[in-house]
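Given below, in the form of structure tokens, are the structures.
The same subunit A turns up in both complexes below, where it pairs with subunit B and then with subunit C.
And then the complex of A and B:
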């Protein structure tokens, strides 16, 4: 079939890239946005625009906040009938479930605090399981007051899950699709490097004035090659993060007995009880435990804040408190856990330094999940993500450019279809994301189910972009440019500008305010990025218009397309 | 703010390093200097060495700013950003790079 190895690699690269490129595009674009997910949250939830807070006092703030939590009605309705043993009596009402586990989690970028509880099912079918009905909430750590839960955190609850699951929860299909796309990304990188004849000779080469196919391929190679380590490690570590839990969950299937046995042995060796004792016990001061944990970290020359706090087996003699250090100053995530006996506050276990393999795993997952405090590296990650987008988008357009004349001559719709899909998933995705921010500022804060509306409008706008691209695609069938590219660029520019203005009108936070008068960089950064996006989109739209004109004047001249990402 | 200083230095060094490596290549030398590359073979060899040194020094500056694990990531991403900047400058404003090499062939 293929006369050379390189040719077979080219086939692989082209067709697998085309098939899963659309998914990869979403992964890269929303991944780049997720680097600043907390900052987008602040932009979208103006009442949370205050400085990041450390873990608050447990005894004064957290305990009353935990006590107010109730098991989530949806979780209760779904899981209670499955976990409860009907033979032992009727189901315990939702509000009367006893709490078994509390947790709180924060990073150096969080003004608000995520907390949660696991409520125990008193009469479970299988006492060996965890048997929890959960509750999640967000609180203001300064007062303990709850932040309204029907307001969507657009950054961390919509763009971020979009990045790894496409927000497609059914049967975890989104996560598996993204995993497949990640694998294809690795394949595309390897085959791409093999296909690329002049990896070093054309390292710095981009010739915008050459004919379209040539300059597109230059840009495709450039954006792929200069950020090759980024592309490789993010695809690889993305797969690694989900490998054990979703992609190869051997510990839940083939190796389940071994896994369960390991948990019991681990509990015995670490002295951290696996099960409740059934003997009631009080809770000692958790503030004192946090202070002791910080003292021990400082003594190990790694002073730090508490990032994650978890209380197990609440109110039981076997209860213990795990306190994890926030990983703000290192690549690896939260760690250096110290575990305390809940009833007395004595230290049960201080986790020893990691061995080489877990340390490497922590580094690899940490470099992807980025809990560190390093603004330069965060922005460089955004650049890496956008380079990935540019690489995939130029790949699509190159595919179209290479074939559209032949397809036009043969009357085949192939190029037109691919082009319309590319428009919808390049500019359409940006329209959906920016449009969601506009809608966030337009809908009143008190609207019930505001988050639902925002999600529906996000999908609606994206769908509209695809429909628009398909309807306007006729010129591609005549080997010309789809005007939808230009029109959607204008839409991006208008929406991004509107978002900045609406933020000013609805909150009073204009750029002068957030940069100079009362610096709040989370909001200023989102506004500035939106303005940059608007500028780039307008520039791209004007260039596209010029090329469309030129192509109309001299139909023989090669029409050109320009890709700019925001 | 010593970290900020070392990081700024790392940015400048990696940018200069990438620009020198590009100028060491015949095609880009001609693009920037508007003279045949063959006449400047010696200078270009020198530039290649200078470029490599600058990139190594950029890594050292990253190491002075952050712990090694973090410095590695910053350095790799800086290389990407610098290479892109150099490539785009070569495409649209090649004359800007002329000042980076006082020696002509």
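And then the complex of A and C:
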């Protein structure tokens, strides 16, 4: 059916790229935003605009904060009936569940602290399982006070999960869709390179003054090839992060017996108890354990902030405390854990350096998740993500440009539909994201369920952008430009400017304040990025207007030369 | 692209290739990961090290067979190799596991 190898690769590249490009666009765009997720959180939650804090005192700040946690009602309603053994008596009421596990996690960019607890189901069906009902909270580490939980962290709880799950939780369909898109990204990169006849000659070719179709293809190839290692790396490591749990969970299926045996061997080797002993025991000073952990890291010549802290089997003789070093000075996330006996504070185990394979895995996934401290690299990630967006977007537009005359002549709606979808997922996505920030500054801070409103408006704006693009698409059916591109660019410019102004009006943090008077780069950076986006969008809108004018003046322009592609 | 639209047989060929590439490629790579993990454990590697190494390779294998599903001349051969391979790999994984645990 394919007459040549190259043709089969072209087919694959074109059609899979078209079908999953829309998803990839969201992955790359929201992935690029996720690089600064915590900074976007600060912008959206003005009461959290203070300097990043180290892990606070456990005994004075964290323990009282943990004691205030209650099992999450939704988690309780969903999982308690499944975990609890009804034959042994009625369900323990939610507020009376005993805590079994506490954790706290921070990075060098977090002013506020994420904490959580796992509450034990006292009469479980299967005592071998973890049997936890969870609670999550965010606290101000300076005082231990809770940050209101119905306020959405737009960066780390909306844009960040958007880039790997599309915020589509049902049956984890979002994660699987993104997984397929990631695989298609790998495949599209390989097939894209194969399609290039003159790969090296075209390596850095860009002819902006040539006909639209030719310069589009140049830009598509340029953005794809220049950032090829970046694109391949992020698609691959993104898949790798989820592979063990979602894509190839062999350890939970046919190899579960082997996996379980390994757990037992490991528990014996590390001396860290897998189960509670059933004997009550007190908790020694965790601050003393943190001090000892820092002393040991310092002795190994390593930067010594605590990144992750976890208490297991609370109040039990088998209880232990795991203290992990923050990953600000290296690629891997947290590590060099030291485990202490909870009741006495004696060291149970100091983790040895990783073996080669896990170290490689940590390096690869750590380079994707980048919690280390390197601001230049952070910006390069944003650039790479945006290059990915440009590559995908030019792919869509090339698809349309190549076919729109043919489709216009044949009366086929294909090009018009693809074009409208492209508008909706290129400019529409930016409108949804920036519009969400505008709404965040317009809605009062005390509004109950504010986060819910923001999410609904995000989806609403995005949907509106698709509808607008579809309604305005008639010119494409006559082989002209959809004016929705230009109009949505203006919408982005207006929304981005409005966001910066509203931030000033509602918090007093204008750029002079955040850059010079009282430097706070998290907020200044978001404002400056919004201004840059507004400028670029306005520039694009003006150029599009000129192009539309030119097309109107010469409606019978000579047909563009056919380019050997797809 | 060839003019395949008018020929139902060629459309069936495309549909088969897509099925081979996605579910077929997934089943094949899954088997590869399971079998490879069990084999490395049998050779003495710790479970999670073996699993991690095979996950990395498995993703590359998946991308590879995905491309091959479209590049190969015979779609039927692709289907046979992927389905047969998936069955063999998974059976081998189970047998290896039984041998290790016994």
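Keep in mind that, in the parts below, the second predicted complex is superposed on the first by the 557 of 566 C-alpha atoms of A that agree within 3 Å, B and C clash if a C-alpha of one lies under 4 Å from a C-alpha of the other, contacts with A are read in each partner's own complex, and residues count from 1 in each chain.
Throughout what follows, contacts are C-beta pairs under 8 Å (C-beta built on N, C-alpha and C of every residue); 3 or more make two chains touch, one makes a residue touch a chain.
Remember, it's a predicted structure, so these values are computed and weren't measured experimentally.
S.K.: Following superposition onto subunit A, is the placement of subunit B relative to subunit C best described as a clash or a fit?
M.R.: Aligned on subunit A, subunit B and subunit C fit with no clash.
S.K.: Is A:222 in contact with subunit B, with subunit C, with both, or with neither (first, second, both, neither)?
M.R.: After superposing on A, A:222 lies in contact with subunit B but is clear of subunit C.
S.K.: If you stack the two complexes on chain A, which partner ends up touching A:261: first (subunit B), second (subunit C), both, or neither?
M.R.: second
S.K.: Subunit B or subunit C: which reaches more residues on subunit A?
M.R.: For subunit A, the partner with the higher number of touched residues is C.
S.K.: Based on the superposed arrangement, let me know which partner A:376 touches: subunit B (first), subunit C (second), both, or neither?
M.R.: first
S.K.: After the superposition on A, what does A:329 contact: first (subunit B), second (subunit C), both or neither?
M.R.: Only subunit B; A:329 stays clear of subunit C.
S.K.: With the two structures laid over each other on chain A, which partner does A:384 touch: subunit B (first), subunit C (second), both, or neither?
M.R.: The answer is first: A:384 touches subunit B but not subunit C.
S.K.: Could you say whether A:459 touches subunit B, subunit C, both of them, or neither, answering first, second, both or neither?
M.R.: It touches nothing on subunit B or subunit C.
S.K.: Have a look at where A:50 lands relative to subunit B and subunit C in the superposition and call it first, second, both or neither.
M.R.: Touch status of A:50: no partner.
S.K.: If we overlay the two complexes on their shared chain A, which of subunit B and subunit C does A:245 touch? Say first, second, both or neither.
M.R.: Neither subunit B nor subunit C is touched by A:245.
S.K.: Specify the angle subtended at the CA centre of subunit A by the CA centres of subunit B and subunit C, expressed in degrees to the nearest 10.
M.R.: 90
S.K.: So, A:8: does it touch subunit B (first), subunit C (second), both, or neither?
M.R.: second
S.K.: After superposing the two complexes on chain A, what is the shortest C-alpha distance between subunit B and subunit C, in Å?
M.R.: 19
S.K.: Can you name the residues of subunit A that touch subunit B in the complex?
M.R.: By the definition above, subunit A touches subunit B via 201, 203-208, 222-223, 226-227, 229-230, 329-332, 363, 367, 372, 374, 376-377, 380-381, 383-384, 387.
S.K.: Would you pull the subunit A residues touching subunit C in the complex into a rising list?
M.R.: Touch residues, subunit A against subunit C: 1-3, 5, 7-12, 14, 180, 183, 186-187, 190-191, 236, 239-240, 243-244, 247-248, 250-251, 253-255, 257-259, 261-262, 266, 355, 357-358, 360-361, 364, 566.
S.K.: With touch defined as at the start, can you tell me which subunit B residues reach subunit A in the complex?
M.R.: The touching residues are 7, 18, 22, 25, 27-28, 66-67, 69-70, 73-74, 76-81, 83-84, 86-88, 90-92.
S.K.: Can you list the subunit C residues touching subunit A in their complex?
M.R.: My answer: residues 1-2, 4, 10, 13-14, 22, 26, 29-30, 33-34, 37-38, 41, 45-53, 55-56, 58-60, 62-63, 66-67, 70-71, 90, 93-94, 97, 100-101.
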